[in-house]
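Common to both upcoming complexes is chain A, partnered first by chain B, then by chain C.
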Partner chain A sequence: MKKLLLISTIASAVIIAGCSQRTVVQYGDEKAVETTDINFGSTDLQKVAANMANSLINSPVVGTMTQNKRPILFVERIKNKTSEHIDTESVTDSLSTKLLQSGKFRFVDMTRVDAVKKQIDFQQESGMVDATKAIQFGKQVGAEYMLYGNLSSIVKSNQDKSDVYYKFTLRLMDLESGLVEWADETEIRKTSEKKTIGW
Partner chain B sequence: MLSGNYVVALDKLPDYNERHNSYVLSQLENGRLYYLMGNWEQSQQSLEVAYEEVEKQRRAAKYQLSRGVQNVGAVLSNDSALDYKIPAYEQGMLHTYQALNFAFQGDLSASLVEVRRANLVQEQALRDNQQSIDNAKNTLINEGLDVTKLYSAYPDMSGIVGGIKNNFQNAFTFYLSGVLYEINGDLNDAYIDYKKALEISPDNKYIQRDVLRLAYALHMQDELALFKNELDVSLTEISKSEMSDGGEAIVIVEQNMVASRQSVSLNLPVYTRHSDIRFFSFSLPVYRQNTVSTSLTLTNNGQSHESQDIVQLQSLAAKSLVDELPWLLSRQVVRVVAKEELRRKMAKEGGDLGNIIASIYNVTTEKADTRSWSTLPANVKVIRVPLKHGSQILSLSNGRDVTNVELDVTKNSRHLVNVIDIGGKLQTRQTVYF
Partner chain C sequence: MRVFLYVLFICCSSSVFADYDRNKAVPVEKVLFGTVQSVRNITEQELIEDRNSGWKTFGGALIGAAIGNQFGSGSGRDVATILGAIVGGSMASNSNPRVRQKSIQLVELMLRIENGDEYMVVQDRDPKMQFKAKDEIRLIYLKDGSVRVDKQF
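Then we have the complex of A and B:
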């Protein structure tokens, strides 16, 4: 009798200890398809960046541009016209990384201009940096092309299901002539259906 | 809250955890109080949590088993045991306040995202509206209750409801959306939203002026001709408002607080399954008082401008309650009939003591669900004035209190001024976009 009591106490203690671990954390594959909900997710971001980068690198117009030199680009911004808070800078970061790695383009970063100015100011004015080794003002190279775009969505839903359609458009503009040399778009559709019975 | 002591009010709010059935309501109240205090980030976080809960409810399966468990609890006691379901007009205000939170933090594109979400809420509500009311009335009839008896016994709230057509169309949401689109340079989108606001609130002079101004700017010749016939704002007034190097101020006034729901007891006849008519006592929520609306005057440079009403949230709340009545009552009929069966059984088996206990249970657990977002303003007004270049002072008065706002006007600067008028005292905040 006592042995039974002891065993059952130990067993219940083990079960309770196991039950107290409520969440399980695991590492996943960053390229895996994510289908948690219908909002803009990691798979959409990767798809958009990959498609746009490939399209730009393999485009014939860009081929002629990059025959003898590497054009200098800057990314203006992607306008978020959807009804979700999407970090569009993260999309442009992926995109510009892929383009840089292809070796065909060079980039200037407009988001860090103030930091650079501060650093050069420090080197020139503060008196702490050797004047012969300090960087001069006015020696930066200017951008020749601008990358910009829009991300829009159409959301439809009724009692049983929801459907979201994303359209990401990207354009490359020649700053001097104002001509749009290249444009492309990526479309994504996600649908979700309500379960009939659930908790 | 009436004395403006929001910090104390925040402390007094109950702190529920996620599983409590009024969690989402407590987050809405928190969001509004932080907004009144000017703490945009905290307000944004609270309202974001409330939005997540709404989305969770929307994604839920059609027949939710957990809701079934809750329903059993509600059948045994009262409606307050159910999760608080946010009505459409409160969802619209949730997104409107989020848009204002982002706008006051300088993030215009995030505020436009919230404005688009508010739009989706309005479209969804339009689709759900009529179907839902008809379904509710049919359910009531099936349960043996005469719907006409309900409406004749229920207190008359038509004074509070006023002339509004439905319980979710909110001209303020559309107007704010138009203003934000216009600041962002999307004149076409702004024009569409101003027109929607005009449709809901056709007598508002400021909306009329904005529609005409944009129709003119976008060269909408056909629509201009139509408007000139219907509206009484002359074109000369429009050219005056396009100052060459000045800016403008858009003043949004939130006045008073929406009244809270109270309880009313009604005795209505129900055809029970023992095929007799019995009178049962029901407890339903009601709005008893209407809130007062006083006009504000803005004086600048010797000219004075009157505020114009843009939405009566009190009316939307009352209409939402009237539309909800059949559902509230149908749940109560099931509940009261079930409790009556319980009482009969307990009387048979427990004798007098069983009867007394069951009667006490019936009486004590029957309470109306008076939950609602009670810190919303009772009405919202708007004033929009062009300003000359330089340092300008706007003097605002509501008859009991006067306050001054100092603005530094440059070319095309748009000053968004938010005035809170609670308990007669005025409080202002502002931000500027170029």
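Then we have the complex of A and C:
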């Protein structure tokens, strides 16, 4: 009886071990289309940033604006009006990187003002930095334009089908005149459907 | 067999936190932006006292989606029904120790919206997203009549 119990214990252990899952890690193409689920994903982020950057760089208004100079921009937050917790800072990061790389614009980064102030305070007041070489207060250049936008979604679903429509709106405002000089929209539609797989 | 049942019991009781699915695309009525003014844990005693006084404190609060869906359905989504069900549930489990204990930790969030309006939201404490004063938040009105508070970042 004891032997039988031992054998059955070993057999069940082998069966359980055989059923266990293994985790396999692989590198993938970062530009590959991701369709894991219907929610906002990496492909949407890339599409939004690329479309907006291209549209802004190639617009005739910006062409005139950047003819003789490189305007200074700052990015205001993108307002996320969807149900999802989306890192909109990541969208604006990608966007501003593409715009900077185009060589047509310069940026001031409002998210790092506190860190910059701390560093200048250190240079001015700690007594550790050569006073003649320390960075001076009041020499920074202010932004001329503001980039801002909204991300909204319309979601419809029934038992078999879900449809998500994202609309990303971006605008460029002249801070002095208050005029909106440029605006564009990127739309994304995603659907998911339950399909019966058969032979 | 007894051991097996015990394991099942543990599995069931581990889901006491209402499930927050913050990355899911669902229909939204509107989104308001603002900051957290204060966060406070609500005690069971406070809930019972407020119920006895006719929901004077929490009567005007907005109810978080996760507890709203657990304790109310259809037209019964008002504050009194949902918070009443929570108080009722915890008292029932106290009087009968064999009933699975549900420990739902509620937080009261006082929010100031960009236009100056102030709101009180009662939702359950999500260990994955805890709030503190001055946090910038989004107040999401979901289509089912409940709300959810999210951090902006």
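Keep in mind that, in the parts below, the second predicted complex is superposed on the first by the 173 of 199 C-alpha atoms of A that agree within 3 Å, B and C clash if a C-alpha of one lies under 4 Å from a C-alpha of the other, contacts with A are read in each partner's own complex, and residues count from 1 in each chain.
Going forward, contacts are C-beta pairs under 8 Å (C-beta built on N, C-alpha and C of every residue); 3 or more make two chains touch, one makes a residue touch a chain.
Note that the structure is predicted; figures quoted are calculated from it, not measured.
Student: With both complexes overlaid on chain A, does A:V155 touch chain B (first), chain C (second), both or neither?
Tutor: In the superposition, A:V155 touches chain B and chain C alike.
Student: Looking at the overlay, does A:M65 come into contact with chain B only (first), chain C only (second), both, or neither?
Tutor: neither
Student: Between chain B and chain C, whom does A:E89 touch in the aligned arrangement: first, second, both, or neither?
Tutor: A:E89 contacts chain C only, not chain B.
Student: Once chain A of both complexes is superposed, is A:L170 in touch with chain B (first), chain C (second), both, or neither?
Tutor: neither
Student: Now for A:A49: first (chain B), second (chain C), both, or neither, which partner does it touch?
Tutor: Touch partners of A:A49: none, neither chain B nor chain C.
Student: Contact-wise, after the overlay, does A:F40 reach chain B, chain C, both or neither (first, second, both, neither)?
Tutor: Touch partner of A:F40: chain C, not chain B.
Student: If you stack the two complexes on chain A, which partner ends up touching A:A143: first (chain B), second (chain C), both, or neither?
Tutor: Neither partner.
Student: Just to be sure I read the superposition right, which of the two partners does A:I78 touch: chain B = first, chain C = second, or both, or neither?
Tutor: Neither partner.
Student: Intersection of chain A residues contacting chain B with those contacting chain C?
Tutor: 79-80, 82-85, 155
Student: Contact residues on chain C for chain A in the complex?
Tutor: Counting only chain C, the residues touching chain A are 22-28, 30-31, 33, 138, 140, 142, 148, 150-153.
Student: Spell out the part of chain B that touches chain A in their complex, as residue ranges.
Tutor: 59-66, 109-110, 113, 116-117, 119-120, 124, 127
Student: Mind pulling up the chain A residues that touch chain B in the complex?
Tutor: Residues of chain A touching chain B: 37, 79-80, 82-85, 155, 157-160, 192, 194-199.
Student: Hey, which residues of chain A end up touching chain C in the complex?
Tutor: 38-40, 77, 79-85, 87-89, 153-156, 162, 164
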